[in-house]
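Only one structure is covered here, and it is reproduced in the block below.
To keep things simple, chains are lettered A, B, C, D, E, F and G as they appear, and every chain counts its residues starting from 1.
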Amino acid sequence: MQNEILFFILSLITIVSSLVMISAHRPIDSALSFIVTLVSIAALFGLLNASFLFVVQIIIYAGAILSLILFIIMFLNIKDENLPDEKYKNYWLLGTSLIIAPFSAILVDLILRSNIAVNAAVHENFGTIKDVGLTLFSEWVLPFELVSILLLVALVGAVTLSKKEV
Amino acid sequence: MGTRIVERHGNTFKEKIYLPAIFSGMKSTLKHFTDNLSDASNIPTLCYPEQKPTDITPRYRGVHRLTHRKEDDSIACVACFMCATACPAKCIEIVAAEREDGVDEKMPKVFNIDLLECVFCGYCVEACPCDAIRMDSGIYSVIGDKREDFIYNKAKLLSIKGISKEEYSLAK
Amino acid sequence: MQTKIVSKNFDIPHAEMLEVALQNGRYGSLEKLSTLKPQELIDLIKQSGLRGKGGGGAPAGVKWQLASDFEGTKYLVVNADESEPGTFKDRQILAKDPHLLIEGIICTCQAIGANISYIYVRGEYEEFSAILQRAIDEAYEKNILGIGSTYKVDITVHRGAGAYICGEKSALLESLEGNRGHPRLKPHSPEPEFYFGEPTLVNNVETIASVPFIVQNGAEAYRAYGTKESPGTLLFAMSGHVENPGVYEAEFGLGMWEYIQKLGGGVKKGKKLKAVIPGGASTPILPAHLVYEAKLDYESLRDLGSALGTGGMIVMDEDVSMVKALKNLLRFYRHESCGQCTPCREGTSWVDKTLDKFIAKTATHEDLEILKSVSRSMNGKTICVFAPAASSVIDGFLKHFESEFLECIV
Amino acid sequence: MLKAYMILSVVLFSIGVVGLISRRNIIVIYMSIELLLNAVNLSLIAISADLADASAQVISLIIIAIAASEAALFMALFVVLFRNRSSLDANLFTMLGSEK
Amino acid sequence: MKIIVDNNPIECQEGALLIDVLLDNNIKIPHFCYHQDLGADGNCRMCMVEIKGQKRPQVACDTFVCEGLEVSTNSASINEVKRSILELELLNHPVDCPICDQAGECKLQDYYMDFGLYESHLSTPKTKKSKHIDLGSNVMLDQERCVLCARCTRFTTDITKTGELGIIGRGDQARVAIAPGHPLNNPYAMNVVELCPVGALTSKDFRFQQRVWFLDSAKSICHGCSRGCNIIIDYNETKYTSEKIHRFRARRNNAINHSFLCDYGRLSYKELNEKIIAAPCNMETLKELLQAEKKVALASPSLSLEQLQSIQEFCKNYKIELFSLPYIDESFGDDWLKTNDKSANFAGVKELGISTCQDDFNSSFENAEIVLNFDHALLKQQVFKDKTLVHFTATPCEGEFVFAIANFAHENGTLINCEGVRQEFFGTKYKSDAPRLRELLEELR
Amino acid sequence: MSFAFTQENTIRMASLLNRYAQKKALSLPLLWLAQKQEGYISEEAMQYISEFLELPYMHIYGVATFYTMFRLQKGDKPIIEVCRTLSCELAGSEEIKKYLKENYSERYEIVEVECMGACSGAPMCTLDGKYFENITPEILDEVLNAD
Amino acid sequence: MNTVLILLPLVLTILYSLATVPILVWMERRIAGLIQDRLGPNRCHIKGVRLGGIIQSIADMMKLVFKEEFLPSHIKNKFYYLVAPSIAFMSAFLTFMVIPYADTITLGEQTYSMQALPTDLGVLWFLAFAGLGVYGIILGGWASHNKYAILGAMRATAQVIGYEVAMGLSLVSMLITYGTISLNEMVSYQTQSFFIIPAWGIFIQPIATIIFIVTAFAETNRTPFDAAEGESEIVAGYHTEYGAMKFGLFFVAEYIAMAASGALIVTLFLGGYQLPYLNTADLVNNFELLLWGIIIFALVTSVLFLKWMQKHNIFAMSGINETKLYTTLIIGFTVFAVILMSYYALANSSQSAKEIGVMLLQFAIFTVKLFFLHFVFIWVRWTLPRFRYDQTQKLGWNILLPLSLVNIFITAVVVVAGVNYGN
């Protein structure tokens, strides 16, 4: 029961803050509400016993990526005149929502109709670092190495991009 | 004064890693700390309101005062506005007037110093051609509970005495 | 020793009376005058080499020519404002032979074509201007002057009122116009003086008084006296520490020491000579050793670093304190400065005040520097030559007697 | 509970798509993309919890790593684009497209 | 014709005075006695220059330019000469700059900073003269500060020909003075204050009011009469005082007033400092009033052309008859700067074709219900029972409808003087409390 | 108190008028006349002269103060002027001055003046414009006690 | 009872972290004073009792709390402005939550972890919330709408992001060494000893220790890495526009972050709550002996402290005679403690009592170590000058990051070699 209530509250926070994120005019508002989204998603991860993912989500998303975004926003010193002139933003949002809504509805309907829940018993170590680590370094070594290369490429790419001469 | 060429530091590895220098600095501060902790009697701190500083000299820039003439104790200021001109904080307000007693031609009718705006730079004293304004009152704390209390007017400034003995006669 | 051209009648008693004067040959040149045209007269003066005897020593003929050539009503102004300390020769002419002057005026007026003449007599010569006035009145009576006369010359005696600077010709004219005696700015091209805007000739009394002799005897007769550059004679005055002070006419080119010895009777009480101021107070002093070399003419004295000036020598014996002497002179200059231009007005008073410190023996080396620098500042930067004269006097004293000034320094 | 998580995931995904399509501010666009990734992550974790299998967590871990590298690139892009155009309007960045 | 000054060729007119050429070309040449409108006197000896071919330095104020003249104004030797003369000028000067109003615009100070900068050598007492002498006509004399440049005496003898001032005494006791019992009393007397290059003559009116380095200046034109003398408005605003105009100074204009100003005009700054206390007036009420049938407007002939133009336009819009009447004061004018017509821009009024007929105005005025008075003095003090007067005024005025407007010290504009010379004037840098007339009319459109 | 020239002086004034090109030039002669008449130049005299010559009063005043021989204050004693310039000082004018001051300052006003042009007769002094040359205390006693 | 025991660590941690702040402030001031040959604050008193100047800190805290809250008028984003200090405070606070200050105790059947949040995430938790703290700074700086604030915030952000990497990597080498991420396990690992050297992190991983300490200084914005609030250039950095308790929260957050960093350093590198060579079981087993040791130690210490106090407490204030009071208190407390401890030492106490006693002892040890760390923090602050901003960045990216990577590599090699070829 506790978990359901927590889930309900957290999902509410998530949805509201993500809605604020896409509709806010100033990027700083978007970014800050997105932090709330991310932290509450992290909490949902925690709720799902994925404690390692919970920490990773907070460290990487909330701690690193979003603070980088905020840093960039401050660094660029974005003023109102630098923002795109989105006069019909709300109509756009409404229109797109109307277009997307049927698809979502179909998906939700499918989920509701399907019988996907297995409800397997969760063992004690589930979601701990050891568990995830063992899986990662046994079954998923190749993707892990690929991701590390990807990260390297991204690093080099980012450095190259932000050089002044571009 | 000859020129001394100081060699640039940070060349050797020991200097480059900084840690030895940091530790020697820390050693030095620690020595002060332990010395003072074990025997605090050498610390020259003054317990201020009870113990008052005794070494304030006339060069100490305290609250301003207006001096008097040697001859007749009248105000020495001639309202030349030099202090007001030199003042970087523009805290001196002077209104000049004709002096009627024949000692001089000009004197200030109003002479206000706003001590809240004053930065105590001493430029006014430097600028004064008549030695009429001084900061040798030795008063280092000004107390008041209204803004107006900090605007010292002519009478108030004239009533402040200098601290050194030989100039005592100038201040009545 | 004396050569009496101008001073011929000085020893004759009552020569100021017209009768006595006529007996002694006054107005003799007027006959000759009628035969000469004005331009011939000027040429005559030019040939004679007559030089202005008021101190400057400028050739008189050139000045006459200028005044004569300029269009307008012409005036002749005779400068009898001799206020130079040590100079008192004009006074002799005014008092002892005024008719010589009147005769000279008539000649000069004739030469430059003027009818009106003013004699600017210094205010202190009240007695002598009265004598002069009497002589003029007599001349009017006898139709030597005035409408009834041949040459229709009017002479007015104008008395000054005690201002040395009015001896300067432009200041004199200002004074004559009824203003304060401030010298005028110097002209840029050669031109005569102007009195109320009209061309005017200003000449010294002695210059004018020399004219009748030249008119009467011709230029060569005059040139027979004196040196080549300075022909003729000058009334040399002598005062101070000499046995017989007075005015003695002599040829140019005479030895100064000889002159002092013979005519002045040597230094008073047989003391040693220390210095001589050769030509009135505005000429630089000459120490004894230079006096022995000096000749009484313009060029010789100029070469010795002094000037002949008006020829009024002041002789000083060995006891004279040069500091006091300079102080005396500078007090005079301070008192007589007109106060128009700054260097003179402030400089003379500053030097005078500084010299007080020398007298009181409280001076410093800096004060000596002040004397020198102020003298430099006064020289050549003023409207008239008053300040340069004062400057040259200071320079002269400091050049020759600096040791005495150094003694006064604490 | 799985269904609830899935539905939440769908909702977040839809919101991300809406933001991605309708906004022109590139920072918001970027964050919408991140929201899409998070929605997927959420469903993956939910499934992993449901199945008691850590593999799904590993996948989402990899997704997070990719998101991080993407973030680095995006930040660099923002800086460059903003420096050149001094605007965040995605419509302006058409250097490769036809001239307006 | 060209002369060479400090190795730079300078174009000039044949026969001009060297000092004029130097001054016109902004070459620094110190001078006390020379004044472009008083001429040379040559007594201060400050304007010494070196002329090639002359062994002694010459005064620039007594040197006429000629072809090929080579002048040096700032060589080391000539600067030494200037320095020595300046030392003498300053010798007996009481250095009482602290109490001297001239400090800040004093030539002695300026030249000391330019050429002097020596330590005083004077070790003997200074010459004492009288101080604090009231010469009359708002002029105070301090003989010790005087450098005897004789500008003031030349002004009174040559320009006004009244000769109240003169130099008495001689030598170091020479000093400027008035004769006992004969004070300075001509209507241009205060010019001597401005002419005085040092603090010897100071204005009693401005005395001790403000130090000049605190003052800002605006180029304006005197509105006292139709002569249109060029003036400089000296004003300031400090931390402790609001904006105040402290004095008018003459601005040199050879065509009109040279460097002079009459005392009346010079003192007319006072009314510009008067605060107008006007009851807050409602624009809407005024607009309602303007709906009336018979309206007449009277504009001051001292308003600028631009103001008159906008008044004209405004009156045309609202169909108001516009008049302007001159201020004639037969006793005011003289043969020099003052004119009988005390309105500053009457020629401008005529040029704009505004009716100036007294009779027409009288008849229109009789019939009018609403009278608009644009700062005209005639209607300000009067009250009419059957008419509504609306004042737009720059001076204190009483009435029911009073709109304060900015006075000319806060306006830029153009005036045409009695000789038909069109001149621009500029206001101070601070905005006045009251709005400008043109802004007000703009609002009423 | 107004000033007017005496009959005799008025005639002299008129005759002087013809001798000069402009009226202005008369300021010095008229001041002399006024001083002769009253012993000093009064303000009224200057006023009179300035009106007569159509000059500003200040001009006359300035001229009168420029020349040292004009007296603007009324003196009640006869004036003895003692020359103090170089020749006379060399000849001992200081002692003469001292002697005069000590003995005659009650009866006479003793004034020091600059060179009077009588250097050959130094030391000298004047009394009422009359020169006394080569003076000694004895001569002075003789002269001053003559009446 | 159960709930109480679960909540006890939480409450204790909150109190502990909050109560440290005034003491830290006092320490900072007094140590700074003594290092600089001054006395430091010592005059604030309650009825003549000054507690060596701690009252001053309390007074300052009171002032901050009761000062009028006001919002500068130019601030547009009031919400962000207000929320920033609480973010900073909360994240600093949360980092403190995972620090174990005593070993897990077993009372009866139940075991209780002496952590506020009994999680195994340990170090990762610390990293996660230390990283979140930067939002407080960013928001505070940005919402202040002030160029100094935003400059400070940017400096702080760049610094924190940069040093977090090096900090994480230095931790990785520690994780490899200890083979765990649980802080409790790490501490128990450090009770071992190689020969006579205790197996403290500082001895087995000196490079990682230095890197961690340096990065901890940078993370908490302490000197020499406090360019973010470099008062000589940018007034006060990101909290320029803050006053009263809003500033107070930033202020407290900084000290709590410092305390948390210090606690983590103690835990990771200084053997945590353990005494060297003695693990918890040893302590529990030799409890009486331990007590006698403590009694002797307590007696010696209090006598020395008493003497020192009487020598230096010379400036008498009006009111109570302080020296007398302190003397009485110290003697009374010592006597009380000695009697209490003697009782326990003589009486054969139960296992639970022993466990609790050891827990208290470990808590005390932890506190002493922590305060030593604080002293080091303060000592460094008053010794080293501030790094220039570019120097900070250069140090972080050019030196510490490669160094920590190399360290990981070496550690990994050694550990793998040890596992495979050792024994």
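Heads up, the rule we're going with is that a contact is a pair of C-beta atoms (placed from the backbone, for glycine too) under 8 Å apart; a residue touches a chain by one contact, two chains touch by 3 or more.
Owing to the predicted nature of the structure, the values given are computational and were not obtained by experimental measurement.
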Shortest path length from chain B to chain D (each step joins two touching chains): 3
Leader among chain pairs (count of C-beta contacts): A-D
Per-chain Cα centre nearest the global Cα centre, belonging to chain: B
Computed distance of Cα centres, chain F from chain D, in Å: 117
Gap in Å, rounded to a whole number, between the CA centres of chain E and chain B: 44
Geometric centre distance via CA averages, chain G-chain A, whole Å: 33
Chain centre separation in whole Å, for chain E relative to chain A (CA means): 77
Sites on chain A at which at least two other chains make contact: 52, 64, 68, 75
Set of chain F residues in contact with two or more other chains: 55, 59, 62, 66
For chain G, residues that touch 2 or more chains besides their own: none
Chain-to-chain touches, reported pairwise for every pair that qualifies: A-D, A-G, B-E, B-G, C-E, C-F, E-F
Complex interface listing, chain F residues touching chain C: 19-22, 24-29, 31-32, 53, 55, 59, 62-63, 66-70, 84-87, 89-91, 113-122, 126, 129-131
Complex contacts: residues of chain D adjacent to chain A: 1-8, 10-19, 21-25, 27-28, 30-32, 34-35, 38, 41-42, 45-46, 48-55, 57-62, 64-73, 75-80, 82, 86-92
Of all residues in chain C, those that touch chain E in their complex: 163, 180, 185-186, 188, 334-343, 345-350, 353-354, 356-357, 364, 366-367, 369-370, 373-374, 376-377, 380-383
In the complex, chain E residues that touch chain C: 40, 42-46, 48, 56-57, 62-64, 81, 84-85, 87-89, 91-92, 121-125, 127, 147-148, 167, 169-174
Residues of chain B touching chain E in the complex: 78-82, 85, 90, 93, 96-98, 104-106, 112, 129-130
